[in-house]
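One chain, subunit A, appears in both complexes that follow, with subunit B as partner in the first and subunit C in the second.
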Partner chain A sequence: MDINWIKILGLIVTVVMAFFTGALYGGLARVVTARIQNRFGPPALQNLFDIIKLYSKKTSINHGWMQHLGPVWAITASTTTLLFIPILRDSTFFTNLSFDGDLIFLMYIMVFGSLGMALGAGQTGNPNSAIGVSRGLSQLVGYKVPFILSLVALMIQFQTTNLNDLLAVQDSFIHWNIFQSPFAFLAGILAFLGMMGYKPFDIVFAPAEIASGPPSEFGSKYLGMMLTSRSIFTFAKLVLFVNIFFGGADNIFILLIKTFLLYMIPLLIGIVNPRFRTEQAVRFFWGFPTAFGIIAVILAAW
Partner chain B sequence: MMNPNINEKDKRRIRDIVQDFARKHSLWVLAYGTGCGAIEIPPTMTSRYDAERFGIRGSATPRQADVLLITGYLATKTLKRVIRTYEQMQAPKYVIGFGSCTINGGMYWDSYNTINALDRYLPVDVYINGCMPRPESVIQGFIKLQSLIAEGKADGADKYQENLEWYRENQKKIIHNWKMPDYNW
Partner chain C sequence: MTSITGILGITFGAALLTFLLHHLVPKLRNIVAILAVGATGYIAWQMPIDSYMTHFTIGSFDIIWGNSEYSKLFALLISVLGFFALIYSHDFMAGKKRLGYYYMNFLIAIGSMYGIVYSQDLISLFFFWEIMTWSSFLLIIYCCKDSQQVGLKYFIFSAIGAYSILIALVLIYANLGSVTFIKVFAQFGSMSFEVQLSSVILLLIGFGVKSAIMPLHVWAPKSYAISPSPFTAVFSGALSKMGVFGIGIVLFKLASQGGYYIYVKEILAWIGGITALLATFYAVFQTDAKKLLAYSSVGQLGYIVVGLAIGTPLSIMAALFLAVLHAAFKGALFLATGAVYHRTGTTDMNEVSGLVRKMPYTFLTALMGIIAVSGVPPLGGFAGKWMLYQSLIESDHYFLVIVVFASSTAAFLYLYRYIFSLFLGQEEKEFEDVKEVSWLMRIPMLTLVIFTLVVGVAPGLLLEPISGAMGYLGVGATQFETTVIWNAWGNKIDMFTIMNSIGILFGIAFVFITVKGFKSGRYVTTKDIHTSGEVPTENENLTYAVDFYKPFERALGWVLKPSVDKFYNKIATNLEHAFDHLRYIYTGNGQTYAMYVVIFLVILIAFSELIFGVKL
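Right after this comes the complex of A and B.
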């Protein structure tokens, strides 16, 4: 068995790039928020400084082995999610591990990060963590319904469960899935708002309400790992949505433009909105987004 | 060539410089308002003075925080909570004494239930005087702390570990019903 060194190098480059891009987007989001609030804002690399600082802090907390394992689990899940998504169209270097059933696999693996966080946070015994976990899992049940309906609609429409096939059918601008199946896009993008966790769907972390929720007992290196995982996962979700609905990207430059514009959608909606309560968020996702998803499935199956 | 005048303990490696750079530009402040000075924190953090320019932001819990702000007078009842909070923070951690009350008691110098000098109970890195200090001077205090961190001189947490017995003795003079563990992880 020969080892494909090019592919292994591609995997490593993908993870490193995802981390830095995700951290940079997080910093840029803080700058955009600041400008909208008529402030100057932090430097764009602020999230990177935060993560370096958190890794350089000491730690002396022990609540049990699941607490130590939770952040590791989260970072593993987000890296795995990223590696099963083809980053660029028709690229041997950035195809990564995508295979024939990767859309179905992604539906499962995307939940694992939240699950790891939930288990780790559960062991700390902090009541705020428990509230945050219950909110997070409720919201997960909410936005997964429209998200999976929109993916199923696309699977039926194009008779494939492979992301590379989905990229192949979107060969020109008018063939992007945003135009080919607009209802699946509507369901998907509304679910995406919940996935990104900006307001009004930041009920999990809500710092003023439940003291940052699940990570409230995690400091220093643990929080650094969680933020690293979050940066990677953010980039993975952005690339997934660009691949599904916006025709993917031929090179890194176009990929960065498309992902950044997509990132602005939940951010700009979030800046001008207050936070939902848990049941409001779930009711939102089970309302119009789910209806759009069902319409998309019916239209695709017609 | 190594400079013989610098001894082994004070020598700073590249790793220390990178770490101190990141620590300096990312100060997470624990939102714990002990006295009336807490009213100056919202204008410091929001649009008018925008402390986020310097990487200063609020943190939700002691576990995530770097800086403990003692904003104004500290009642003897609050001191117990402050000590528990400070000891739950993860090193390296810094304390900023805010307002005259933390320096010499200020206008509460003869009160029966406030402490007068904060640095007898907690290791203070920077004092900001004034009653109250305006947001400009609060930011000035943070910049002073940043320059101390960059020089590697903000070592209040180490001092607290080294002189824990002395601090405990002073703390127990104020807190008579000390029903806490020896160190509040």
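Right after this comes the complex of A and C.
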């Protein structure tokens, strides 16, 4: 087997870019939130500085192997998710490892990281972590239903489970899937709100109530790795949604604009909304978003 | 003795031998059992494909035993799982009472399963089916006195299933004059529509009971929970697969000959999908680990039935793949739960917690087991789920795929609860001295989960024999290579790339965090945590396990309220009341009976003219 070095370089660049972009978006989110609340807020690069600082720290305690592996597991899953998403359309450098029929794979690998983190948090024995995980998994079942509905609608509409094929059909602005199947978009974007974990769906981490929940026992390098993983994962999810509904991107610049605008949706909704309880969140997802998804599937099957 | 008679002779002979040895040389008993199943496994592996291997007549019935690719797949599944469960039994059952009884019934159960898969006629299928029911019933009531109620329920449902099969058998015999598979398969379509449909439905009910399809599942949770753990692994892994074996034959050899085929398939597929969803929801709220796994088994068998019922090549491949894999991972999980029970004496998830550092190997088994069940790559569950979803989508079952996917996602809930409650969380003082189980118990569990890993990376290894089995069912397999599977749209999945990617990334991240992180660290107890400034006292309970998914329960609301079990119980109570009234007649008092005789005679005399035409 000959090794394609260009491709491997592409992979590394993708991961590094995803990390910096994700961290930057996180910082910008804090700035935007602060401005809306009439504060100044931290500098936009604050998240990046935090992560670098955390990596330079040494940890003096651990809770055992599972807690040790939790962040490793999380970062593996988020990076794998990213690597199996084509970042740019028709690019040899940035197609990454994406293969035919990868949408179902992506749906599963996206859960892999949460599972790893949940297991790591479980070993610490902190009741707050367990409460957070219980809420997180419940919410997961909530938003997965509209998400899968919107994906199935697209799959049957275009007779493919391949992300590259979905990109290929969105060849011009009016062919974007947001216009081709608006109901699938509605279901997908509402599920996306839950996926991003901003308010009103942030009861999983609820800082003031359960001390950030799952990551509460993780410090130093562990926390650094978790935040890295989160940054990469945020970017991966954004690129995925841009690819599915907004026609992908031809170059990095357009990709950044599209992902940033998409990122603003859950953020701005979150800033002006209070938090849902878990059962309210689950019921929300099984209400209108699921209804939109069912309409989308019926329309696509027609 | 490379023949079916050899296999049956060895298992049933060994069953008797273990019972005798129990009283003579108890040490040999376990070894004989293990060797017998190992030897039969080897014979099953070597046996040539021959559908007419052993043949004799009883009365006017032709009894035929033969080996097909389909039989071979299931025979190997039985022998491998049975072999590991018996090795595990050696230490797990040590010191328990009535071991002769246990081993004898275990071997009879395995022998009868062999008989079922090798049967080439309905009579011997029914015969072995009944033996299987009896032996598994005797193992369910092995443990204790409360088990009789549970065993009774199992037995009633099995009897319903068995009579369904028997009636179908009689129907077929009355119409075709033969019950050999060759003749039945060839001429089934020539029978009248009503007979065909009713025998298909009756057979599906019969096989559906064993594979615990809703609404015939109510016996399963408690029976699984109460039977000894090594047998539960076989019970859920192999015995329930006999139902799948039968459903496969009924669907593709019999029902496919009639015009009602498409409706039977669709209805069965939806029953399977709803079974998967509801069983998963029930599993989420169980507090007993074995009951949780039992509901999970019901749900997983729902997927398998969905796959079989859809009936496209890819879906059948997915169903058989999941059937074999389910035996491995659910077997491993039941064995791991058994290990916890062996050391702590309970499987109540509200009681046990924090065993991960005491039982690392059992934890590893459970961890890989739950990953395989959940269908997360790179373990085997993913390849099976991928095939199932692809086949559902490409065969236009859009809403069924949503149901199946929702249940698969909800499965994360109970799987996390299972592993968190037993192994993670607070370390309790009560379980301070718990030790890891012996290697004889670890090896079977670990081998089973390693199998799921191997099959996950190279699903082609398992798909090879499965495509042979599909040939017997008359369906061609779809395109696959050792690590790559294609769907009908030409989309594919490459497990090797996925595994490499995950492996490399995991390796890099692991080395990075371990080199400077782990060794310098000091291990702290689970009481030494962030509690916002409050210092927890020695005996303060910080475990979060009771009502773990209360919010989710609230979100589901009324969905879980209706229960088939309660419905059946109501029927049972009403029948009991009805029979109570009968006791006014059958009082058991001699004088009453004497009075009945007198009344009877009086009636005879009074109405003699009406009855006999003569006045007495």
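The definition used in the following text is that the second predicted complex is superposed on the first by the 302 of 302 C-alpha atoms of A that agree within 3 Å, B and C clash if a C-alpha of one lies under 4 Å from a C-alpha of the other, contacts with A are read in each partner's own complex, and residues count from 1 in each chain.
As a convention for this text, a contact is a pair of C-beta atoms (placed from the backbone, for glycine too) under 8 Å apart; a residue touches a chain by one contact, two chains touch by 3 or more.
None of these values were measured; they are calculated from a predicted model.
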| item | value |
| --- | --- |
| Superposition on subunit A - do subunit B and subunit C clash or fit | fit |
| First (subunit B), second (subunit C), both or neither touched by A:A184 | neither |
| Subunit B versus subunit C as contact partner of A:N38, first or second or both or neither | first |
| Contacts of A:M225 with subunit B and subunit C, given as first, second, both or neither | second |
| First (subunit B), second (subunit C), both or neither touched by A:V141 | second |
| First, second, both or neither for A:P127, with subunit B first and subunit C second | second |
| Touching partner for A:A29 - first (subunit B), second (subunit C), both, neither | neither |
| First (subunit B), second (subunit C), both or neither touched by A:L82 | neither |
| First (subunit B), second (subunit C), both or neither touched by A:E217 | both |
| Superposed model, angle subtended at subunit A by subunit C and subunit B (C-alpha, nearest 10 degrees) | 110 |
| Partner chain in contact with A:L166 - subunit B first, subunit C second, else both or neither | neither |
| Subunit B versus subunit C, judged by how many residues of subunit A each one touches | C |
| Closest approach of subunit C to subunit B (Cα atoms, Å) | 5 |
| Residues of subunit A at both interfaces, subunit B in one complex, subunit C in the other | 58-61, 128, 211, 216-217, 220 |
| Of subunit A, residues touching subunit C in the complex | 58-66, 68-69, 71-73, 75-76, 79-80, 83-84, 97, 99-102, 104-105, 107-109, 111-112, 115, 118-119, 122-128, 130-131, 133-135, 137-138, 140-142, 144-145, 148-149, 152, 155-156, 159-162, 211, 216-217, 220-222, 225, 277-279, 282-283, 286, 294, 297, 300-301 |
| Residue ranges of subunit B in contact with subunit A within the complex | 18-19, 21-23, 25-26, 28, 46-47, 50, 52-55, 57-66, 89-92, 185 |
| Residue ranges of subunit A touching subunit B (in the complex, touch as defined) | 30, 34, 37-43, 46, 49-50, 52-53, 56-61, 128, 207-208, 211-212, 215-220, 223 |
| Residue ranges of subunit C in contact with subunit A within the complex | 354, 356-357, 360, 363, 367, 371, 374-377, 382, 385-386, 389-390, 393, 396, 398-399, 401-402, 405-406, 409-410, 412-413, 416, 419-420, 424-427, 487, 489-494, 497-498, 501-502, 505-506, 509-510, 513-514, 516-518, 520-524, 526-532, 542-545, 548-549, 551-552, 554-555 |
